[in-house]
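A, B, C, D, E and F label the chains in the order they appear, each numbered from 1.
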Amino acid sequence: MGTVVTNIKRADRAAADALARYGVATVHEAQGRAGLMAPRMRPIYRGARISGTAVTATVTPGDNWMIHVAAEQCQEGDILVVAPTSTSESGFFGDLLGTLLQARGVRGLIIDGGCRDVADLEAMGFPVWSRCISAHGTVKETIGDVNLPISCGEQLVNPGDVIVADDDGVVVVPRLAAADVARKSQQREQREAGIRARYAAGELGLDMNNMRPRLAEKGLRYVDQADLDLG
Amino acid sequence: MGTVVTNIKRADRAAADALARYGVATVHEAQGRAGLMAPRMRPIYRGARISGTAVTATVTPGDNWMIHVAAEQCQEGDILVVAPTSTSESGFFGDLLGTLLQARGVRGLIIDGGCRDVADLEAMGFPVWSRCISAHGTVKETIGDVNLPISCGEQLVNPGDVIVADDDGVVVVPRLAAADVARKSQQREQREAGIRARYAAGELGLDMNNMRPRLAEKGLRYVDQADLDLG
Amino acid sequence: MGTVVTNIKRADRAAADALARYGVATVHEAQGRAGLMAPRMRPIYRGARISGTAVTATVTPGDNWMIHVAAEQCQEGDILVVAPTSTSESGFFGDLLGTLLQARGVRGLIIDGGCRDVADLEAMGFPVWSRCISAHGTVKETIGDVNLPISCGEQLVNPGDVIVADDDGVVVVPRLAAADVARKSQQREQREAGIRARYAAGELGLDMNNMRPRLAEKGLRYVDQADLDLG
Amino acid sequence: MGTVVTNIKRADRAAADALARYGVATVHEAQGRAGLMAPRMRPIYRGARISGTAVTATVTPGDNWMIHVAAEQCQEGDILVVAPTSTSESGFFGDLLGTLLQARGVRGLIIDGGCRDVADLEAMGFPVWSRCISAHGTVKETIGDVNLPISCGEQLVNPGDVIVADDDGVVVVPRLAAADVARKSQQREQREAGIRARYAAGELGLDMNNMRPRLAEKGLRYVDQADLDLG
Amino acid sequence: MGTVVTNIKRADRAAADALARYGVATVHEAQGRAGLMAPRMRPIYRGARISGTAVTATVTPGDNWMIHVAAEQCQEGDILVVAPTSTSESGFFGDLLGTLLQARGVRGLIIDGGCRDVADLEAMGFPVWSRCISAHGTVKETIGDVNLPISCGEQLVNPGDVIVADDDGVVVVPRLAAADVARKSQQREQREAGIRARYAAGELGLDMNNMRPRLAEKGLRYVDQADLDLG
Amino acid sequence: MGTVVTNIKRADRAAADALARYGVATVHEAQGRAGLMAPRMRPIYRGARISGTAVTATVTPGDNWMIHVAAEQCQEGDILVVAPTSTSESGFFGDLLGTLLQARGVRGLIIDGGCRDVADLEAMGFPVWSRCISAHGTVKETIGDVNLPISCGEQLVNPGDVIVADDDGVVVVPRLAAADVARKSQQREQREAGIRARYAAGELGLDMNNMRPRLAEKGLRYVDQADLDLG
């Protein structure tokens, strides 16, 4: 406890920025269904979609001191990712800290604890994904770490990784994988556009992907309800 | 496992369609306070109100294959109802499957698991009631059943039953009871209009329903706070 | 069980009304981080902010009879606060009772149970903070208490206390503390305005509050990532 | 609401009795991984293992009246299965009702609500699997159904089905499948005995089931940590 | 915040001691189904049953300082009741504090937070009912209150009230009601002994309490399954 | 996905073994209150206390294939640590896999998912700490990783780290810190022995640690209840 790592390596800026375009669900698929935070991590308001490079911090339950320390390590294009060392539903973050981070070019906050001032944060356009909404204030007594690897939302986050967050949740992309995942996300999106058109035209996935033989092989059988009723 | 029941009997179309008019709370009361799914079944966006006939399906945790199989059994006016065989917060359903179902005239999805692409689903007007929002993708490896009775949202759903869903949640109406429940819902709504007018005019339920004698009989007593303070 | 306390002393009206201006997070801080209900108490729709004097009631699981009894004790400027005697997710409250309370000048409802008709309640502008949204109807068979101290949302509420509720949650202010808390809230808000301006201008909390010496004293140390990698 | 079905068909007694021998995990596998209740259904004490035929009942939140009605429909070898119509953590069942059921030869209770008097129930050897332990008493005001299909622990239960319950949870076996599932359970147990012996002797599942080629085909690759560190 | 109330009035010692005899479920019924804490309040080991007079304390999340302050206010026959001001799963209490309290004659702890050293506490026979088991340590930085009314386990507790706790949970008996509740508990237990004997002899509650006419009046009807199948 | 890291560096054996002596709460304190898994990670039976070196694995929801792959990487003195890539309450592990691991000298399992066959596992003395107990079987279709860093129980675990687990939960000690933490744990235990003796003799923490001046400085004040009543 008590280490602040400075001058962290960040993911390539262009790749980090590009990932917001594809959204959480596509990025999560594109990197092989890895890195998705638990569904309890919800946006405090709907409609935001961001990506950026992670600055990580740990806080102790009911204590938000390290967010101030972490803020200094943040720069334009970062997303701050905060995990309490034990379950805590305190409101670690509000519109004042939102103002401070926004002034530094931080794009949003991911916190596995509570957030408050949610109406103000929405009004100022600073998005937060949190475990809960809670107005319960915190103290400034105990130190933690900044920019060490952490577990947040039940996922491992390394400083400099890319975070993508939208109405579907939050996904972590490893620092060195960002460009590759961006490329695969784009490919996936193109492929999905084709599928969407065929589905919209009434085609079934059963036919489009030739699923019937494999389903039959697994033992799937069709029974008319009338015959079932006789059974 | 592995049975698809075809040609199911559905509730009367007119009755099934009519129930959306009354909404979940009224329908639930009209059928004697039965059939309401657990409160964890929440709409992915606010403001939708639908009713339709149930096509049912089971999936295994983390596997959405059977949604493709079920889609073929759906027709205009249906609502797809999906239950995992064990608790799972994977994102079984997204905008591609939403497109497929919408093209078949399906009015919405009820799933006791996760849903993703919620911003896209809202934009295209395909409502979903789900256990959670989760972008976590699924595989296509294991078969389940379509159109057998299932337990979804802690309620029993038979294929062909009517589903009503709105901002209050999801309620199941047995197939053969639909017309009767629609009639009772209308009566209830008329009665409530009268009550609402009297409440709006300042009348108390205590007086309107003559509750005072029965409350007194149960032992209710009134004490002035000043006397209580002396006690 | 079965006591209705009448003619309760209420907090000073002007102080009670003033507290809505500051919101839950500020009021909670201003009174020393006390009185905040648990985060499960959520508004049924976003954007409402109210304050008022508490009328309290207990109900038994699945039974909303006492809300009718409590309604008679409510007057202009009150907020009704209801707690079931045991966990219950029934829908104790809907638009009919909302109409009745609104006609009496009640500003909103706080209930540690379920609420239904949420679309109607939003349309009529009657805000509710509840444990869940549930259409499950209730009976009228069992009596409880009105205007005795209760535990709601894991906080103690005395009749006549001030309730403040907004998108951040619900906070309770003791009856006799209202004026003092209003004054402190205003001071806090002024102080925060100054902090916000300095944060917006790019100043760090570390500098503004001279945190660095105390952090160092606690043992915080800074390490360049390059040196860490060598370790 | 309000129907008691009498003279229900029950699963074959010998088959129903035999299933306790194999336990929940084996039975669940033997019938194709179906019918397992949600993990929240836990035994009030450890070490019991029972099987028997289901008598089903619904109760309303906070009301245990129908357990008395259901008791009359129970006979030697039955297990009573009770589901509230909406989430309720009241203590619907205690040692008095346990005495009543035990006198009728009922082997245990499955209830998707609360249970009380757990020390007494353990002392008298009447096992219960419940959603929670709660001493909160209930009223007798509202009727429900007995021996209609219900959803309990997120599974469908038909009257006459076989229930198997032990420290692992609760599983439902359809009435007509009991004998077949008993046979498959026995086969599975024999097969597992062989596997256990080989595992105990140090053999790996990778080798015993020839998993390596299929894992390689899926893309599994082995990397020495020393090489990873160089990466 | 920051008030310690000394020389509190306690419930009559004999009455407080007597209540352990009857247990939580009986006491809860005897006082009209009031005062039961939420089911999440569970014993850290099974088999303890205690009653005693409450000393109350509030702590802040992650901070156990006030337990030391409260300990000084405890005397022989007390039970310490602790509530965090916001949800916290830290381990506020372990075997050292257990030793301290036991030395003062305190009979147990009720805490709406985490407890640790549970094996040691069981070995030394100091029972705790807590929200969870957690080894997460706490700091000593923030003050709270001792012997003011608190909300713990979703119930109101006044200093000097009687606490009864066993395997069924925790119930609060108001200070001045203790003797009356003890008397009613004894009566209830005698009545239950008679009922138990009749149930054990095979009598039904339906007959013993003459429930059949009232059930019929509510609309309960009996249908033979054979007739139902024809329907 | 799909990487198995072989020949991992493990913590010093003697240090890893020594940590079981001190238990989770002491070790957690000794390393500065870090590394404790979430309280949902509970032992399937009480009384086990183990420490060992971590082999890590990820599985996909409802799929336990990678446990077979991980088993081969385990050796005498290891503890297997498994995390699903998304919340899953399937029963990934039972007595067969327990036999396999026990034969390799593995001391126990930590899994952020379900475990089954708990009675058998207790009988054979193979301890498991899991998210839940669930008999729900799993498939073998999807690959994951072995011996990469994972997030389990909301903590970061690196392969080769030391795991300590007992009735209080599970704590992770970084590989290179094991010897230092063992030393500090021993010191802490000695210090605690002294404190315990003084507490047992009736001394207060207030006096022993000279807390009174600092409490007074924070504003703590003592009020006799008689004076409070006059207020």
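General observations
We take it that a residue touches a chain if its C-beta (ideal position, glycine included) is under 8 Å from a C-beta of that chain, and two chains touch if they have at least 3 such contacts.
Not measured: the values here are computed from a predicted model.
For the pair subunit C and subunit F, chains touching both partners: A, B, D, E. With chains reduced to the mean position of their C-alpha atoms, the one farthest from subunit B is F. Annotation: 29 Å between the Cα-based centres of subunit D and subunit F.
Shared interface positions of subunit F, defined as residues touching 2 or more other chains, are 1, 33, 36, 38-39, 60, 85-87, 89, 134, 136, 142. You'll find the chains touch as A-B, A-C, A-E, A-F, B-C, B-D, B-F, C-D, C-E, D-E, D-F, E-F.
Across the complex, subunit C meets subunit D through its residues 60-63, 85-90, 134, 136, 139, 141-142. Those residues of subunit A that touch subunit F in the complex are listed here as 1, 32-34, 36, 38-39, 60, 83, 85-87, 112, 149-151, 154-156.
On the subunit F side of its complex with subunit D, the touching residues are 1-9, 65, 68-69, 71-72, 89, 91, 94-97, 99-100, 102-104, 114, 116-119, 132-137, 140, 142-143, 147, 159.
The touching residues of subunit A, when paired with subunit B in their complex, are 23-25, 28-29, 33, 36, 38-39, 42, 46-47, 49, 166-169, 171, 192, 195-196, 199-206, 209, 211, 215, 218-226, 228.
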